[in-house]
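My questions will all concern the structure given below.
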Amino acid sequence: MRKITYDQAANEAIQEEFRKNPRSVHMSTDLAADLAEEFGTDRIRVTPIAENSLVGAAIGLAGSGFRAVVNLRMATFGFVALDQMMNHAAKITYMFGGQAKFPILIRMTVGAGFSGAAEHSISPYSMFMNVPGLKILLPTTPYDVKGLLKTALGDPNPVISFEPFMLGRTETEVPEKEYFIPFGKAAVRRRGTDVTVVALGRMAHEALEAAAEVEGKISVEVIDPRTLVPLDRDSILRSVRKTGRLVVVDEACRTCSAASEIVALATSDRPTFARLRAAPAQVCGLDVPIPFSPPMEKFVIPDRAKILRAIRGAMRRPST
Amino acid sequence: MQSDDKVLIELYTTMLTIRRFEERLVREVFAGNIPGFVHSYIGQEAIAAGVCRHLTKRDRIVSHHRGHGHCIAKGADLKRMMAEIYGKKTGYCKGKGGSMHIADFSVGMLGADGIVGAGLPISTGAAFAAQLEGRGDVAAVFFGDGACNEGEFHEALNLAGIWKLPLLFVCENNQYGVNTPAAYAMAAGEISRIPKAHNIPCRVVFGNDVEEVHRVAGSAVAGIRKGGGPFFLECRTYRWHKHFLSQGLEDLRPAAELEEWKRKCPVASFEKKLRGRGVLSPAKIRTIDDRILRRVEEAHAFALRSPYPQPQDALQDIYST
Amino acid sequence: MRKITYDQAANEAIQEEFRKNPRSVHMSTDLAADLAEEFGTDRIRVTPIAENSLVGAAIGLAGSGFRAVVNLRMATFGFVALDQMMNHAAKITYMFGGQAKFPILIRMTVGAGFSGAAEHSISPYSMFMNVPGLKILLPTTPYDVKGLLKTALGDPNPVISFEPFMLGRTETEVPEKEYFIPFGKAAVRRRGTDVTVVALGRMAHEALEAAAEVEGKISVEVIDPRTLVPLDRDSILRSVRKTGRLVVVDEACRTCSAASEIVALATSDRPTFARLRAAPAQVCGLDVPIPFSPPMEKFVIPDRAKILRAIRGAMRRPST
Amino acid sequence: MQSDDKVLIELYTTMLTIRRFEERLVREVFAGNIPGFVHSYIGQEAIAAGVCRHLTKRDRIVSHHRGHGHCIAKGADLKRMMAEIYGKKTGYCKGKGGSMHIADFSVGMLGADGIVGAGLPISTGAAFAAQLEGRGDVAAVFFGDGACNEGEFHEALNLAGIWKLPLLFVCENNQYGVNTPAAYAMAAGEISRIPKAHNIPCRVVFGNDVEEVHRVAGSAVAGIRKGGGPFFLECRTYRWHKHFLSQGLEDLRPAAELEEWKRKCPVASFEKKLRGRGVLSPAKIRTIDDRILRRVEEAHAFALRSPYPQPQDALQDIYST
């Protein structure tokens, strides 16, 4: 099968869906050159640097029967647009009693690892999870990003896709044939029986490597939720009930992270709690702004070694 | 009756409908019968009426926190509005929105909004949609003088300008944002300096004169429909009530200023004109008013007898399906 | 002792500290009348409605050796200022290697209960907790708000005070004598041995009433963290280790809430986990935008009855 | 040597220092030796040099993502800058900030910033501080043409206007935001129309002519110091490199345009003038250049030999104590 990059796969999803739906529009501060070539500059607009207004315009387009895609690039650039995303896009369907649909896709890159420093490396998905009304994607492979974005482009709701910056150029096999990936279905990346590792975003790859490293000694199940809202609670809980051990890996800062949510979810579920054999562990970004200099940056974000430590720790802990 | 007269009577009727609807609300709010925050449109009726008379149902408007007038002028149903304001299941938003979030997409009313300035970018999207549809439809956005100090004002003007969006900006300059005078809060002095700087054509009108609003908005909308790009209409006006209807809230505006503006009542002054010109007789006015009062009473009765939503209804409409 | 309201107490804190420090400035879109009268309109500024810039101006003032206070009123109005709060105020001390101090106090009201609907009722503190570099207050009584704001006004860092709207007019005794409340010290509002209830914001009051209702039957310990960053982990963990049962009550939407964080904190702490006798429970706002109509609004936010149910549930659950 | 000449030589020296510093960086970045994003100031040196020559250490500046020039012109230390850009512990931010976040509060450089437009409101606070201090100090803020489309631009102009803040706005109009032409992205056509609309006095200068920048900035700063309120200086210029230094990034600007602007090199053209007027001889230029090159080399060597921060240093400086 052909291999394409994560970024190419995302682009293909948009191309395919834009071909089907002439009432779809794309906005970004950078030229989306190949989209513009195919669909023309009426539908593919370069915009001024005014992110809050782009998202606002997307809402107005959507409320007028169009589908709007906004590429905000880095998540922190989107911080100037949080009002339109959180006060409006998230609430407008509900506030108006469901009388209109708001099919909007907003894309942003997340994550550290390239010395982007504090203003260019954030992973803020949990704050969006706290605002009901948005669907939230965190695709981790070229295959997934294409399938999830294609689903997003058929969804009648605001969807935010958080795409790890560091994965943009990674390549895997992606079929030419059309496919969709449903929201709320986690990918069990590796089956195991001793410990459940739920790994988000780029950490899904690190977790798989860690799992491979203890192959034969510890049987690790690696779950990549793929979408955070809706979250595939069932797959996570089922796995934890089986293994009795939970490690959640997330590049974002730990406090009030998606990882904390997953731990809370598992532990406050009575049958799951009853089967827990060890305290759950979080391997998260440290609670500091991302520092610029490589040794410090490396220190604050999780990696394979830290994941391994947590897996081994979970195994060592005596059952309660 | 000349066709011009018909338009004038419609304008009058729209204004009086807004006035009576709002008067009823004022009473109910101060009697403690309505939950939440209600921002009264009394004093500004000529603007919604004069602008919306030029809009079809396909034209889309975006409103702000003081949005009842825009709903009524755009053709929303008084019953469902009143029911929404009372938080009833039969309201436009099934009781989920309340006074500040009434919308009627079926008549092109894309919603009131409680965040100052936020409707401006949203309206650029509605105008963008009209541009892509290419049927000569327009969008209009209503906002206050206070909203002009939010960055979104600048961004929306710029976006409309560079893309030549079919968008009518309607600034309802009632000279205050809560208790802060526009004269204090705005370096430009004249709001219209800003859209002009963005190369957007601009007219300032006396917003209490519905004929003037109607005339200028008419040529503006016609120009926009022909592809002339955005237009900015600043309407000078004044609100008669406190920022929102509440015993607690202080009104720091000079009492004499309010009295002066009450003498410039958009409804009474237009009524006087129409009577002077023989367009409306006192009897005819009585008939119109009675009909409006009856509709408002019906709306009110409808709201009162409508059921509240079930608590569990709160779990519906988070997402569209 | 004299009684004053929550709002008056907050105001007193500012007055007292502004008297001490002439290099302190207050900005708000509404006139802060009594502050302006005492300190003059040079230092007490009414501003245009431009929240992002007010917070930006506060950062510039702080970086120039002033102390800046911004009252944004409702938290959702502050959503247009999230860029300055999260990308700048939170990170600027760190990004610049600590070479300057940024003494900033930002105040916002939170919470539902007055039919404010989705855009006027949010409780977004958890999203700020996910952004390191801010200190976060959630004062629940007139006494606390005064003491915490006074501490904030001596702190060299950006502090955000989330003040439950519904508490503004509640009255309690507040001493005339000067006092300060340190950050990171929870208030144990009621001692108990059967179950720990950690209750945030307005819910601290509801939880106390619930606890009183089961007095003699269930011995409930009620903890009000008072500050979310820093969070008094020790008091919470100590209590949970003692009671073996945890109920967290938070008006905010459940997913990725401060409540989820507290559950994750307790369960991932090994000794605390070992002593848990029941799955922890969260009594939170439902994951919906706040609806306008009273019956629905009441349904989505926690109240005494829901807290009681959770307390009883925690007692019923068999130990693991 | 006349005192005027002294100023001219200083301006020249500042510009050349920026140029040499940036040239060194370009080499190092493309050799893969520097982490993160580096935005080169080459081509715009006259602006930082001409403006900052009028500022004392008590005057505060706020910069943007393309900030090295402002740091150097405001008197920051090359060694600590270079060390920061390399992510070393001896850097201005102990390696926590990198190229985009250099600050030196001791010389009134309040920091570069990576979020487009965000420095504008921050600078209003710095100017507000100067106003309260009442010593005649000023603040200056540097920003690009692209930043003028963010709402914060509008808000900062307005705030500076209504409060008559001692703030010099310096727009470095290099005609593009990444690859998007200002001519496309801006409805106003001329940026200066916007501050004028806010009643802020405004001058447009050729930003590659350091004497012109220096002269106009001088009278602007003098006026601000006397309490005249904000002033807006638009400097027309061009950047010579890609948006940031990276193999991968495309530069979609017309090659001929870049060539044309390279012929308008601010450093070379000024050098030619000074030689023509006899202010600088070739030998003197050589001496100046040699000294600068040596300083840059020293800075570079300092950066290289400085230690990286310890990983655990990441846990420091989250809060001040």
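Going in written order, the chains are labelled A, B, C and D, and every chain counts its residues from 1.
Everything below uses one rule, namely that contacts are C-beta pairs under 8 Å (C-beta built on N, C-alpha and C of every residue); 3 or more make two chains touch, one makes a residue touch a chain.
Everything numeric here is computed off the predicted structure, so don't read it as measured data.
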Centre to centre, using CA atoms, which chain is the farthest one from subunit C? D
Geometric centre distance via CA averages, subunit D-subunit C, whole Å: 40
Rounded to the nearest Å, the gap between Cα centres of subunit A and subunit C is 29
Taking each chain's centre as the mean position of its Cα atoms, how many Å separate subunit B from subunit C? 37
Touching two or more other chains, which residues of subunit C qualify? 47-48, 50, 52-53, 76, 79-80, 83, 87, 94-95, 117-119, 132-133, 287-289, 291
Where does subunit D touch two or more other chains at once, residue-wise? 93, 95-97, 101, 113, 115, 149-152, 155, 158, 162, 184-186, 318
Please categorise the chain-chain contact pattern as a line, ring, star, complete graph or other. complete
Across the complex, what residues on subunit C touch subunit A? 52, 76, 79-80, 82-83, 86-87, 90-91, 94-95, 117-119, 122, 124, 126-127, 129-133, 229, 252-253, 255-261, 263-265, 267-270, 272-274, 276, 278-282, 287-289, 291, 317, 320
Which residues of subunit B touch subunit A once you look at their complex with the stated criterion? 60, 62, 91-97, 101, 103-106, 110-111, 113, 115, 118, 120-130, 132, 139, 151-152, 155-156, 158-159, 162-163, 316-321
Please give the residue numbers of subunit A that touch subunit B in the complex, ascending. 23, 25, 42-43, 45, 47-48, 50, 52-66, 68, 83-84, 87-88, 92-102, 132-133, 135, 156-157
Residues of subunit D defined as touching subunit A within the complex: 35-37, 87-88, 93, 95-98, 100-101, 113-117, 146-147, 149-152, 177-180, 184-186, 252, 308-315, 318
Residues of subunit D touching subunit B in the complex: 149-155, 157-158, 160-162, 184-189, 193-194, 196-200
